[in-house]
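Take a look at the structures below.
Below, chain A partners chain B and then partners chain C, in two separate complexes.
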Partner chain A sequence: MRRGLAGYLAMLPIGVLLTIGFILPIGIVALYSVMPPRTFEMTGALTAENYLAAFTDGYWRPLMWSALGASLTTIICLIFAWPTAKALESAGHRWSTAAAILIALPIFISESVRLFGGSLFLMPGGGILAGSLRAWFDLSIGSILNTRLAALLGLIYIHFPFVLFPLILGLSLVPKDQIEAAHDLGASRWQVFWQVELPLAAPGAAIGALLCFVLALGANAEAAILGGQAVTVATHAIEQRFNYAQDWPLGAALTMLVILITALVVFPIMRRLDFDRLIRR
Partner chain B sequence: MFLVLEGLAKIFGSNKAVDDVSLSIPEGEFFTIVGPSGSGKSTLIRILAGLETPTAGRVLLRGADITVMPANRRPTCMVFQSLALFNHMSVGDNIGFALKMLGIDAAERHRRVETLLDFVRLPQDFLGKPVTQCSGGEKQRVALARALASDPEILFFDEPLSAIDYRLRKILEVEMKDLHRRTGKTFIYITHSLEEAMVMSDRIAIMRDGAIIQIGPPEEIYARPASRFVAEFMGEVNILPVSGGEVAGQPAAGIADGWLVVRPEALRPLGGGAAADISFDARVQNDYMLGSRTQFHLMALDQTLVAELPAGLAAGVNPGDRGRWGFDLGDCISVKE
Partner chain C sequence: MSRRLKAPLLAAWLGVVLTLLYLPILSVVLASLANTRYMRFPHKVWTLDAYREALGAHDTVQLHLTSLKIASVVVLLATLIGIAGALAFARYDWHGRRMFQNIVLLPIFFPQPVLGLALLLSFTAAGIAPTWQTAAFAHLVWIAPIVTLVISIRLYGYDAAQEEAAFDLGASRLQVFREITLPALMPGIISGALFGFLLSWSNLPLSVFTTGADTTLPEWLFSRTATNYSPLVPAVAVIATLSSALIVLLVVVLAQAAKRTRR
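Coming up: the complex of A and B.
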């Protein structure tokens, strides 16, 4: 068998799966997004009406909230993950494995279950935090439940491991002697960070940030469970268009806009990443 | 005195990596610390560079205590064993790194980097070349130029030639010596090869188990090794026990009890009634041609002895020969331990 043919055959299963599961649905959604509003056929005259409606009917708000939430989550997770990754990665630390397991463990528990746990914890009056404080210390506090802050905290809590673990991989690629050499050549801690650590750990940080951004952009549960009615995110708006409003073309247009935002962020970063270095380490 | 080390010690857990090292190094010296792996030489140089804090002792530079001064503030620079070049930067950015850290502007930096390229004899078009595309010898020069950029008072070398093939190493040894002469800076160099140290150094310190066991100019180390360890470190030598004033059962006048270091070139075959201070029966096992000399392995005195003969004498000796061999005590070195 020719080498090339074997390669294509090996690609076939995932190719079929991606065609059925990814390319076809996206094609259908893209087609629906240019159909006349509130139709269920894919044969109508092409129109840009749904995209115009997305901006004139106030749908830019959920899109903005999702983009803002995803950006803030990514940035805050990166800032928290860097020192955590440094601490966990520092060789020979006895607790680093235990700590890494503790951080990874929640991933194996359903996201909704964890978010409802967070909701119970934050609930005003009889919630775990407010209730305990009142019972033990006679302290009465308000609650951030059902606010945008709670939704953001939920996003950060859920997506932190997705930033942390790629970042640890990225940091492990920074040779110790290059950090020492930079220091020896007169670089301060900050200069070592900017000149050596950050550029060399960038592939790991970028993968973590991309995972976090894309997941947070499509996240719905955090806003629904912890944010209450305080914020409507893009996914929620899309779901409403498809389900309650029965306006598939508008839902499809909103979906295409979310995909566009994702593509605008992901592709420029992917193009600059050197994945070979991460894989062949 | 320029650089003084006072009772330096570094303990990792229960391991004394550096054990009470005191020495002084004058300005401009090429000082080499030689020792086997695990002797603590790397730890010692890292303490001097500020990359490790000693458990005890002081480091004084021109009388000022720099023991706890961080590496980035010391007027010293290190060339690492791995070279530790920044692979994400060009040759020019590597060389100019220290200048950038000092806040020197791009134009001035560029000018100084060009001068440094000349100094280490790299072509100017290397400026924008990625470091990853340089050959081993080129990388070596980039590392040297990078270390020289901030005009440090002391340059440290942590076995930078150990991973380089023999031929290139010989060339770079000469270049290193030449660089020392041209810069006039203090070089502190560590290596596990006494041969390498001999070629380059003004003074050599031999390190073992964290302590310095002998220190002196190369000729002195060669001529008067202080112990069996130093003698064996220098290369192939024969070590014979001396006890009760006797070597190999024969009286050894004026030789103290301990060990006798007999160099391969001190041994000779005793044909035709020739005499020597110490003589013995030997069987020639192997011969190895070394160019102008031939080396022989002899079975004698219950051990394998190494002898080296010039071509003229070697012609008459063949593997399998049995005969009398000997040496004179005047050609040997006596050590206590």
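Coming up: the complex of A and C.
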């Protein structure tokens, strides 16, 4: 009984913080999303008009771009992260630690700095890449800066570590002797990957993929800095509704749609994960 | 593919990944060493002029102060909240712990700009004008769960038997917490605090919507990348990154020293 009480007391500070700072704001957005268009009060008659407008007025387009970008980013990051995790595993302990730290460090450098660097690198004419090629190889190249491709590359660049590190955690859960055993029993490389490693590493891969998808779904700096005007993403569309159009209810409805997609992805996966087991070991 | 071929291939792949990860960061450093208004690489003159200008500018100091204010408040509160939260997350056995774990993880598995926009709407609806304080609150909502998680990971590897032994020897609840639990958690607390600091310092998606008239470093860089480019911008980016590294280094050195004196 006493121990039970300690648990409730200890959860109180963060419980209060998340109630005021997370659950309540989402509730407010939900309420605004059913208010009459272009109103600023939370007491109007309830309406579904904003959600209808979100689909009929072409706002599904930014939502679709964000969902597509997030899906592609997740898949590509997973494909890149698998051999990287394997390489870190097979390198000697000291090397693999050093490399892992080097990969993790950029997470703590601001997105704006890293994406800015990406744009400086890709810039046409006097950019780092184009300028170097012209000066040293007398080669003139075009630039992918301000295209959807550049925005996608930015998304992959920023979110790669978020896939890699959970995947490493997942791979560490795969018993080495089980892989050996599968090899000894005559399983092909592909069979081992598909039937032994992947299922056992799945919890880690799932966390990484989930984190990547959700973060990329709301991301807007990549499209702003590297994508130029080539693509309008969900967050940008919402911001425009809030700030320039002064249409809070429509902005709120779009926000709710992004939250809905997030919830549809997060809840089913989260229910299957056992964090006690995953972290404790 | 033979085993002999596999190892060099994987090492080469690792080299490619690291190069790609660091190319943009290197690009910022290279761009800062020019004195021309427009970017024309390779520079005709390589110079540190931009750094001189940046260090002398009032803006640079102001931006650092704003970012520092927010990060300090966030680290202090997030660590306190995180220590308690981690005990509830990983140590105590209580009804509803499983649900609590999921709720704590939700803000981490949530698009940050969407959280920023939801908070902005809420602040505005409540008549609160956004300033650096509202931004600190927004950071806290995201960072406190992360610090909780980091300390929890440490807690999972901690043997509670020591606490039981101390209780049996007649120690009070407070004594046990101060003499046994807290020191055992210290590495987790320090890494949690460092994580919190760095994440707040470098955060763009929450700050962009919740700082109002105040501006943080990442926000300023974000706005200046689009318009008004000059070598000053990459120079400030380098200075901002180095100052956060310096602060982290300082904390690590101090923590090591404190550990040594305690022994």
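By definition in this document, the second predicted complex is superposed on the first by the 275 of 281 C-alpha atoms of A that agree within 3 Å, B and C clash if a C-alpha of one lies under 4 Å from a C-alpha of the other, contacts with A are read in each partner's own complex, and residues count from 1 in each chain.
In this section, contacts are C-beta pairs under 8 Å (C-beta built on N, C-alpha and C of every residue); 3 or more make two chains touch, one makes a residue touch a chain.
None of the values given here were measured: they were computed from a predicted structure.
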Fit or clash between chain C and chain B when superposed on chain A: fit
Where the C-alpha centre of chain A sits as vertex, the angle toward chain B and chain C in the overlay (nearest 10 degrees): 90
Chain B or chain C, by number of chain A residues touched: C
Touching partner for A:191 - first (chain B), second (chain C), both, neither: first
Touched partner set for A:114, first chain B, second chain C, both or neither: second
First, second, both or neither for A:199, with chain B first and chain C second: first
Which of chain B and chain C A:178 touches, first, second, both or neither: first
Touched partner set for A:14, first chain B, second chain C, both or neither: second
First, second, both or neither for A:54, with chain B first and chain C second: neither
Contacts of A:145 with chain B and chain C, given as first, second, both or neither: neither
Shortest span in Å between Cα atoms of chain B and of chain C, once chain A is used as the common reference: 10
Chain B/chain C common contact set on chain A: none
Touching residues on chain B, where the partner in the complex is chain A: 49-51, 70-73, 76-78, 80, 82, 84-88, 97-98, 100-102, 146-147, 149-150
Chain C partner contacts - residues on chain A that touch it in the complex: 3-15, 17-18, 21-22, 24-26, 28-29, 32, 40, 42, 80, 83-84, 86-88, 90-91, 99, 102-103, 106, 108-121, 123, 125-128, 130-132, 135, 157, 160, 189, 210-211, 214-215, 217-221, 224-225, 235, 238-239, 242, 248, 251-252, 255, 258-259, 262, 266, 270, 275-276, 279-280
Footprint of chain B on chain A - complex, ascending: 175, 177-178, 180-188, 191, 195-196, 199-200
Residue ranges of chain C touching chain A (in the complex, touch as defined): 1, 6-7, 10-11, 13-14, 17-18, 20-28, 30-31, 38-42, 80-82, 84-85, 87-88, 90-97, 100-115, 117-122, 125, 137-138, 140-141, 144-145, 148, 152-153, 156-157, 198-199, 201-205, 209, 217-219, 221-222, 225-226, 233-234, 237, 240-241, 244
